[in-house]
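Below you'll find the structures, each written out as structure tokens.
Paired with subunit B in one complex and with subunit C in the other, subunit A is shared by the two complexes that follow.
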Partner chain A sequence: MLRFLVRRLIVALLVAATVMTLAFILTRLSGDLAISIAGPNATQTDIEAVRKAYGLDRPVLTQFFDWVGRAVTGDLGNSYFFQTRVSTLIAERMPVTLTLGLTGLSLALLISIPMGILAAVRENTNFDRAVQMIALIGQAMPSFWLGLLLMIVFGLTLGWLPISGTGSWEHFVMPGIVLAFSAVPALTRLTRAGMIQAMGSDYIRTARAKGLSRASILLKHALRNAAIPVVAIAAVQLGFMLGGSIVIEQVFALHGVGFLAWESIAKNDFPVVQAVVLVLAVIYVALTMVSDLLNAVLDPRLRA
Partner chain B sequence: MSALLEVEKLEVGFGGNTSAVRGASLTVERGETHCLVGESGCGKSVTALAVMNLLARGGHRTAQRLSFQGEDLLKLDDRGMARLRGNAMAMIFQEPMTSLNPAYTIGSQMTEVMRRHKKVSQRIAIDRAADLLGRVGITAPGLRLGQFPHQLSGGLRQRVMIAMALMCEPQLLIADEPTTALDVTVQAQILRLLAQLQRDLGLGLLLITHDLGIVARVAHRVSVMYAGEVVESAATAQLFADPRHPYTQGLLRCVPVPGKQRQDEPLGSIPGTVPRIGPGFEGCGFRDRCSFADATCARSVPHQVAAPGHDYLCRLAP
Partner chain C sequence: MSTAVTVNAGPRRGWKSAGTWIGAIIVGIALFCAVFAPLIVPHDPFAQDLNRRLLVPFWMEGHNPDFILGTDQLGRDYLSRLIWGCRISMLIGITVTIVSGLIGITIGVLGGFFGGRIDDAVLFAITTRLSIPVVLVALAVVGLLGTSMTLLVLTLGLLLWDRFAVVARSTSMQVRNLDFVAAAWCAGCSRFRVLSREVLPNIASHLVVVATLEIALAILLEATLSFLGLGVPPPLPSWGLMIAEAKDYMFFSPWVIVIPGVALFVLVLGINLLGDGLRDAFGTRSRS
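The block that comes next holds the complex of A and B.
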């Protein structure tokens, strides 16, 4: 188990290092940063002044190692636009994104796992077909459109929920539902497929031959094995929700990290863009580690 | 007193176009080893699964009579059946590699069945599991209880399955080719153990096998299955001495007997394979492979008695 942990940790660090490099290179590839920062009306002298002020006149490698060195200690530089530390900016915005992502994932799991199990138990019945149809529709529906529909129905027509902002928990209901909706199809189908496979396996026949209760057969013996791919995908989905909620944060005017990323890209605030990419990548890597660990807990064969 | 297990005219079908078992009958007495023999696909395993009500999805069973210790199994609902399974009647399968849940330890899987059926503490269940592992020839039971299935070889896993089936001291043990995956020395150990348990507990054993060597050593009674029917049933000595059904005769010719067989004499074989038989099939299922077959075999097959306790399905005179 310890060797497993160490190996996963090394892989995670390598991935994080790669992503840092990529994030740095990509922002430099987007054009001459000094020209973008200085703005359209800047003269050549202005641009040179900006280049000097932001240290962009230094060799690229020096800039890179300077940035990496600071980032490792938690110093992500200063935002050109907000004129504050990038780390402060991200720390301010993170709770909104985390709340949203965790709400979305919890809702998605609460819906898709029971639905997947029931669909598997009633394979090829109308219930099963209905579940698969819902999954198909969910997969096909763009989330911004679903968001707008919910806003019209529950926000404007019925007036039950606020349509924008982050003032109270009610503000997270609709965006949470929209985010969950995007994850439900994959998680449901995975749960269903895993359960069908598990229920047809020899060890389930053994469990039945032992006279175990239906609940024990389904939830203890089958679900534990069916859950392994679900955990892996749920981790990816959460990463996607945290990093990819840019659209939803836009639609519902939630000032989370996604919103910040969108603002900074629009304003060429490249230290922020770079930092957001880095932070999200680190979150992704961490989530992958967590899912690997959970899977090792679920399946002893993965602990080697 | 009624027999331990009575099966009369059992029919099993899957989805309407194949009949896996066609009117099979057999009886297992208390303390008896009853061997069910026949080639692959003849319906031995399906018969056993039908008795346990463990048929795969789509499988459907009917019978004139299916009773265990006088209790009508056909009238039991899922709960009633679950109360018996793993408790009074247990089953061992032929696939030791996949029959244990990879996610749980041996100890957890073994104690679970006992705690489900008997009111015992985990401590007692663990002790019994360790004791049984020792009895099926597993050294260091304490170590094994804490291990996962993937840490055990196929032979060990099958011994775990056997020990697990014995946790609740069942009256009936159905063993579907339990020693096929084990090496010969372990086979002998397991068979000796089963024989001993039979004597100790009055355990009835329905042993499914295609190994006539095992049959000759352990069986009190043999039923020969062919294409979903029990074509001949007799006490072991009687069957080996005086086989009546052409299929049984053919099967026995396929077994080399040291001393009786000449070196250069070819070993017998039965031409052809088991036919696929659908519902509405008439006559003898063996007629296409039988050298005694004539036109009457396509119409009906009489059930004949050769001697008390020895009956067979064939038109040939006793």
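The block that comes next holds the complex of A and C.
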């Protein structure tokens, strides 16, 4: 178990280091940062001043190691636009993104686990086919478009929910539904496949032979085994959701980390862009580690 | 009991299922529109006329029979822009998939076939790629380098190779130990020949399935990026861009966002239906 943990941790650190390098390269893609920051009307002296002020006159490798050295200690540099520390900016915006992500994930699990179980129990009936159709529809639905449609129906026509901002819990209902939609297909399919596999196994036959009730067989025996991959994937899905929430935050004007990144791209605020890429990647790596550990804890066979 | 589990072994699968045919028909229509767009558009999709802005589509009161789906906020024919947008979606979907397929299949086959250190490196590359937030990085690249079709295709291609790599890796790992590969080695075939003549043809059906699903994903992502203003440059009629441009009018004339959105949804659904059907027809179920 310990060896597994250590191995997993080393890989996670290497991935983080690689993403760090990529995030740095990403922001240098445009060639000369100083020209982009100074804007189209800047004179040569302005550009020189900007270059000096932000330390862009130093060799690229020096800049890189400087950034890495600071980032490791939690200092992600200063935002060009907001003139504050990037770490503070991200910390301020993170609660909104996390609330959105957790709302989306909870909704997705609440919808897809019962749907997957019922579809598995009634395999190859019309209900099963309907569930698979819903999964296909969820896969094909563009999230930004679904968001706009919900805004028209529930925001304008029915007037039930606010269409933008983060003032109250009601503000998170529509964005949460839209985000959940993206995870429902995968989670439903996984639950369904897991349940079908479990229901066909020997221990379920034994449980049936013992004369246990149907509910007890389904929920105590089959679901416990089918849930292992679902729980593991749920953690990974949360990582994808945090990265993908940039679109939904923009549609519903939720000022989270994704919105911050989108603003910063538009304003050429490179320290923020590279920091958000790094932070989201590190969160994802951490979540996949949690997912692997959960897998190992729940399923002893994987610990070898 | 064997470990192989037949999921979905229902009575109507593959080419016998209605879903596959619906998917094939949708994709066929989309391909036709994409190839012959310049010939079949009823109007010039770029011609603006401020005197006929926001004309309503055919199912609404007071529509103009010349403009079946109405016009947009600049008076451009919506149907023509929709058809032209299909061309752009298909073009991007297919080119992105070619780029990502080349990268992913190469990496995946190398890892799966040779194993060992090479495979460790391949697995690491896949893990790293998965940790990168796609939409954010694509937005950043396009935001820094400017909007252009070529750049968009290259960026998405460089970001979307993971599923190809995963599937190519696991399938070539299975093929590597089969007798006909051993026979090819014994016959003195070169590495390249074994890979290109023995391994690739045998994993091709799996890769075709991935390719269809990948086209759908690329089309959705292009629309998303264009919607956020960092995808296909205007005045090109990308469906995502059409929705973004129409957003200001959606509360008064909802059809301006409904029409391109439905088109996008139906196309992606059709490609996915076809992909699922192909998977069942080939009998390939190696999704993990």
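Methods note: the second predicted complex is superposed on the first by the 303 of 304 C-alpha atoms of A that agree within 3 Å, B and C clash if a C-alpha of one lies under 4 Å from a C-alpha of the other, contacts with A are read in each partner's own complex, and residues count from 1 in each chain.
Note that a residue touches a chain if its C-beta (ideal position, glycine included) is under 8 Å from a C-beta of that chain, and two chains touch if they have at least 3 such contacts.
Keep in mind it's a predicted model, so treat the numbers as computed, not measured.
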Will subunit C clash with subunit B on subunit A after the two structures are superposed, or do they fit? fit
Please work out whether A:65 is in contact with subunit B alone, subunit C alone, both, or neither, and reply first, second, both or neither. neither
Roughly how many degrees, to the nearest 10, is the angle at subunit A when you join its Cα centre to the Cα centres of subunit B and subunit C? 80
Applying the touch criterion given at the start, work out whether A:212 contacts subunit B, subunit C, both or neither, answering first, second, both or neither. first
For A:225 in the superposed arrangement: first (subunit B), second (subunit C), both or neither? first
Examine A:298 and indicate which partner it touches, taking first as subunit B and second as subunit C; both and neither are also allowed. first
So, A:148: does it touch subunit B (first), subunit C (second), both, or neither? second
May I ask you to decide whether A:160 touches subunit B, subunit C, both, or neither, giving the answer as first, second, both or neither? neither
Check the residue A:169 against both partner chains and state whether it touches subunit B (first), subunit C (second), both, or neither. neither
Now for A:201: first (subunit B), second (subunit C), both, or neither, which partner does it touch? both
With both structures placed on chain A, which of the two partners, subunit B or subunit C, ends up touching more residues of subunit A? C
Quick one: minimum Cα-Cα distance, subunit B versus subunit C, in the superposed arrangement, integer Å. 6
What residues on subunit A does subunit C touch that subunit B touches too? 123, 200-202
Name, in rising order, each residue of subunit C that touches subunit A in their complex. 1, 5, 7, 10-11, 124, 127-128, 130-137, 139-141, 143-145, 216, 220, 223-224, 227-228, 230, 240, 243, 247, 250-251, 254, 257-258, 261, 264-266, 268-269, 272-273, 276
In the complex, go through subunit A and note every residue touching subunit B. 123, 200-203, 205-214, 216, 221, 224-225, 298-301
Within their complex, state which residues of subunit B touch subunit A. 52, 54, 56-57, 78, 81-87, 90-91, 93, 95, 98-104, 112-113, 116-117, 148, 150, 161, 164
Listed in rising order, subunit A residues that touch subunit C in their complex are 11, 14-15, 18-19, 22, 26-27, 29-30, 36, 123-124, 136-137, 139-145, 148-149, 151-152, 156, 193, 196-197, 200-202, 239, 242-244, 246-247, 250, 258, 261-262, 265-266, 268, 273, 276-277, 280-281, 284-285, 288
